[in-house]
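Lettered A, B, C and D in written order, each chain numbered from 1.
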Amino acid sequence: MADTSVLKDNLTNLAAGPKTNGPMPRFEAHTKKATRFGFGEALVVLGERYENVVVLGGDITGSVMTSYFKDKFPDRFFSMGITEATATLVAAGLALSGNIPFFATYGAFASCRNTDMLRISLAYNDANVKIGGGHAGISVGEDGATHQALEEIAIVRVLPNMTLVVPCDYLETKKATIAIGEHYGPCYIRFGRSDVPSFTLEETPFVLGKAQTFRQGRDATVIACGPMVWEALVAAYELENEGLDVRVINMSTIKPIDREAILKAARETGAIVTAEEHQITAGLGGAVSEVLAQECPTPVEFVGVKDTFGGSGKPDELMKFFGLTSGDIKNAIRTVHSRKAQ
Amino acid sequence: MARLTHTIYPLTTGFHGATRPTPNPELIAKYGYDSFVPFENSPDNSDEKLQAIAKEIRRDIVRALVEAKSGHSGGPLGSADIFAALYFGGVMRYDPKNPWWPDRDRFILSAGHMCPVLYSTLANAGFFPKPELLTLRKFNSRLQGHPGRDMGLPGIESSTGSLGQGLGIAVGMALADKRVDKNSRRVFALTGDGELAEGEIWEAALIAAHWELDNFTMVVDRNFCQIDGRTEDVLKLNPVGDKFRAFNFHVIECNGNNISELRAAFKEARSIKGRPTCIVAKTFMGHGISFMQDDYRWHGKPPTPEQAEQALVELV
Amino acid sequence: MADTSVLKDNLTNLAAGPKTNGPMPRFEAHTKKATRFGFGEALVVLGERYENVVVLGGDITGSVMTSYFKDKFPDRFFSMGITEATATLVAAGLALSGNIPFFATYGAFASCRNTDMLRISLAYNDANVKIGGGHAGISVGEDGATHQALEEIAIVRVLPNMTLVVPCDYLETKKATIAIGEHYGPCYIRFGRSDVPSFTLEETPFVLGKAQTFRQGRDATVIACGPMVWEALVAAYELENEGLDVRVINMSTIKPIDREAILKAARETGAIVTAEEHQITAGLGGAVSEVLAQECPTPVEFVGVKDTFGGSGKPDELMKFFGLTSGDIKNAIRTVHSRKAQ
Amino acid sequence: MARLTHTIYPLTTGFHGATRPTPNPELIAKYGYDSFVPFENSPDNSDEKLQAIAKEIRRDIVRALVEAKSGHSGGPLGSADIFAALYFGGVMRYDPKNPWWPDRDRFILSAGHMCPVLYSTLANAGFFPKPELLTLRKFNSRLQGHPGRDMGLPGIESSTGSLGQGLGIAVGMALADKRVDKNSRRVFALTGDGELAEGEIWEAALIAAHWELDNFTMVVDRNFCQIDGRTEDVLKLNPVGDKFRAFNFHVIECNGNNISELRAAFKEARSIKGRPTCIVAKTFMGHGISFMQDDYRWHGKPPTPEQAEQALVELV
């Protein structure tokens, strides 16, 4: 998908624009890898660490990479067939009996087919269940609208007690999966099907509930999640030529949201762009807007799917059509920067 | 390999502050709740003893509901015999003094609206003091209108109230016991019959049978009543037994208002290997109270004070 | 629930504070009536008007007042038992065959038990189905958390193609129900169980998709929906004594939202309070914040349930405990007004 | 009393702009798609004729999938005989030249992922030009990866793809026909077998039986395969027939790869009064192609060009 060539010869600039100071994470962008692999690998790590981690299959174990765990720990893997709602309930029962169950399926069904179960049996019950929602967003590609999950952020974040994580790349997905596995409470993690740039390193910090500044900047801030973080970094890097010094925040935990990071960015840069592979309604953009409206009203531009359904096509084609590229983020930054001036 | 353990029970995030509602002291005295001694759970209890306990459960349901001024009468009264058999006939293993004893058997009330019967049963077993029954449905009571695990009431294993969800949770617990921990705990669940329309019931049934959860026993309160009318008019459910048989359950059909049939059914369920059991317990909604018996209009309302008095007379 | 006595002797002041000008709707507040009755009565009106209006029952016809239609048009009423997900699908099938089906149940189950059905079979299908979600919010009372619907706004508004209406009282619910019945497309209407002040009149305007200014004001604006509109009017009226001139907007259509009304209020009053019997996450407050962030950053205070579950109790007790009274709105107005000054 | 009518079909909000993808002209020529004459739908068609049509449907599935480079092979190929019988044996009433003819019978593909077989069937019946099959799954194609009603493709009555939803929609249509409009339309639906795990299937079954929708016929593509393996390993479904019988369906079990058995089944279904029919059609996934037959790994992938060539040789 996203073009990585722009960064091949200047990885340092990606992390810290020349106009900013302070140490920033180092990134490397040589490979592309779907975030779902991070999820699958982390389950094996957790399975090795804790005997009470169990995994439920929803008849797409090979798609959401629960197959790794299944192969390694067949005794702790339980096939549920195509029963997303009840698999969620069974997970709740397993959790109430002291296990740490993961149930993963396509995000559309992991959040919509079982919403009442998330609400009552997970959230209200405070059950220690981890839901993995794969095939996030438009980049799913050819399968089309029914399989392109674009609503999870809204649906999960309206539920009390839930933790919601949308990691930015393969390695962060792995770290985030391990983190939610070790954290008590109902959690939802969102990850994708298609290859996206893999750029964070082992040393890149990940803390559940904390946003990470991936690039300093003073003129505007992009707050992004999922693969849009990479697009934001590319956009920020490229806008240097236009004299714009753009901060990039990786908002990998969306609930509870890191209010401090949002407010700091708003106060220091005065202009925000949110970028998410999700409906612009009620998603990350909404969460950020709510914080700002309550504490520091600031111009925001929203990059995301504009209240329409997805469709079939190649991931690249679709990301372009739906306005989910670094170019779209650049336009949004320019717009919000000019609004700030007003 | 390590276990990552967390405190799961009791959850005490019940959010309405520390002050619980105060039960009416006059009623406590009137009902003798202050001197109440909990009943024992034993396979040696006679059928007559269990019948008497069922009657006491019914009385407590009426007392709690009339004081709450809202809530569900019909299902709870109709199913009191099932609870008497389960909790006092030695079917379930539990310790009311140590309610979160890890080895306890689990009971999930999938038909959450029927909680008055569960609360009354638990109080009669000594899980919590009887006067608390008089706080049913009041602000910040541990006895929520539908079971809320956040209130930490001993004996409440899971929040329920959204029909069709509890069964899947119970199946998850049975899966944990039989396939993960490989312990000897048994898991019980009760559903309404109207509730069987929810698709999650059949998903849970498929899963329980697939994993051969013979440690799992579900009871259907087959009272042929739901809110809008008779079940067969609202949405035809018969033949219920055939349905569960086709879903690979061992099915026992019995009179759910008959203690000895119920005890036999639970005994049979325990002996079955390789498949879960479904006890289709034919009951009457509002059983034991003449003006409620078999009348679906009693699904979701409490008795008036006069009706309660009359009911308590009939329940002597 | 809400106290109406304050207005008994001064109905005019409710509508238009002394410091504002221009004609305003007249209100009367002599009665209390649950909004669900407006829904039930409207179905009968629609049934009389159009032979292809049909109603599906979810075993609580007496609670959500579909019983009126059932009694009047038994041949066009179809009992579905307790199958919220499939009742939604059956409605879609009826709609695709030319009927105008209404399916109503408790809002918790009308939006959460069938979310995937709303998403695919209603919204993506653009099926002309009307979903009625009763028992909205905390005011449900003794039934407790599982039955108190607090998520519908977030869940429904994230779905493309949906229309979402949250009318403010009995009569507006009746008008709104008729309006969605005559409007093509998937719609969701939210209404309540408990008695709330009935104050709009036949002449009070209701237009699908348009906010109505129910009270003029220059110092701040309360944008409210459902029974919180009444609470907002009371708050505004009472704050006159403190010299605050508060506008009240009835945002009865939440999707599509009336951006113009929001922006006008923000530009003219510079301070916004949102008030909803819903989670403050991703609901009306979120929708308003999104519009403001994109076009006119403005301080907002949120009145609603603060990311917790409900509980049993009397409606009054609960509304107070959860911070959903006119007093809470007054505090929010004072706060936002002082923030504006900064 | 008035009707409030709206334009429902075709929906043409397909959002990717006006330019549809262009099918490869070389392939059109190679496959003779430019000179193709649609097949007639008639009860007088011989079994042999329908077998030939099924083969053509299969060839078109292979051609579309290899060009799409993604998509589902196994289910569509296995169920082609069902579609041949339905659309060309005079079972369904439709007019490809007037695809939205109000009196048409309705078909809903509940197993939306199996759309290649539906698209191929519709093209062979003349609902749209065959070359369009070569645009399957491409950007802005009317042939979406899962059926999208927003694209307005003739013959696509509803969007599907989220398993378990189509059946309820079909039941709603049958309810409309039998109980509201009281017309003589019939409604057909096809589900996968793995799909039967979804609880909405059983909710829909209860509703169809309750309302005695004898104008409704569902077909289960019983291929014993789903994504993760054999159905009985993933989640035991047997005995499928007993399940539907217990849900008050008339059940017909037949060989779903045998045209004459399928025709007999549809005929029998039409004669049943007072209850809906479920045809459990035993098929082989990937039927007709040696290296795919009965292998669940072919659920969701397209053939490579070489495999496609081989498949087309086998399908002559």
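Here are some notes:
Rule of thumb we're sticking to: a contact is a pair of C-beta atoms (placed from the backbone, for glycine too) under 8 Å apart; a residue touches a chain by one contact, two chains touch by 3 or more.
The model shown is predicted, which means the values in this text are computed figures rather than measured ones.
Ranking every chain by how far its Cα centroid lies from the centroid of chain A, the top place goes to B. Comparing the chain pairs B-C and C-D, the larger number of C-beta pairs in contact belongs to C-D.
Per-chain Cα centroids separate chain A from chain C by 32 Å.
Chain C has its Cα centroid 36 Å from the Cα centroid of chain B. Averaged Cα coordinates give chain A a centre that lies 41 Å from the centre of chain B. The multi-chain contact residues of chain C, meaning those touching 2 or more other chains, are 79-81, 83, 85-86, 108-109, 113, 116, 119-120, 124, 145-146, 308-309. Shared contact sites, meaning residues of chain B that touch two or more other chains, fall at 148, 150, 159-162, 197-200, 203, 206-207, 210, 235. If you sketch which chains touch which, every chain touches every other chain without exception.
On chain A, the positions that touch chain C within their shared complex are 108-109, 111-113, 115-116, 119-120, 123-124, 145-146, 150-151, 154-155, 157-161, 272, 279-283, 285-290, 292-294, 297-302, 307-309.
Within the complex formed with chain C, the residues of chain B that make contact are 14-16, 68, 70-71, 112, 137-141, 144-146, 148, 150, 159-164, 194-195, 197-199, 226-228, 233-235. Put simply, chain A touches chain B in their complex at residues 48-54, 75-76, 78-81, 83, 85-101, 116-117, 119-121, 124-126, 128, 181-182, 184.
Across the complex, chain B is touched by residues 197-203, 206-207, 209-210, 235-237, 239, 242-243, 245-248 of chain D. By the touch criterion given at the top, residues 57, 59-63, 79-83, 85-86, 108-109, 113, 141-147, 308-309, 311-314, 317-318, 321 of chain C touch chain B in their complex.
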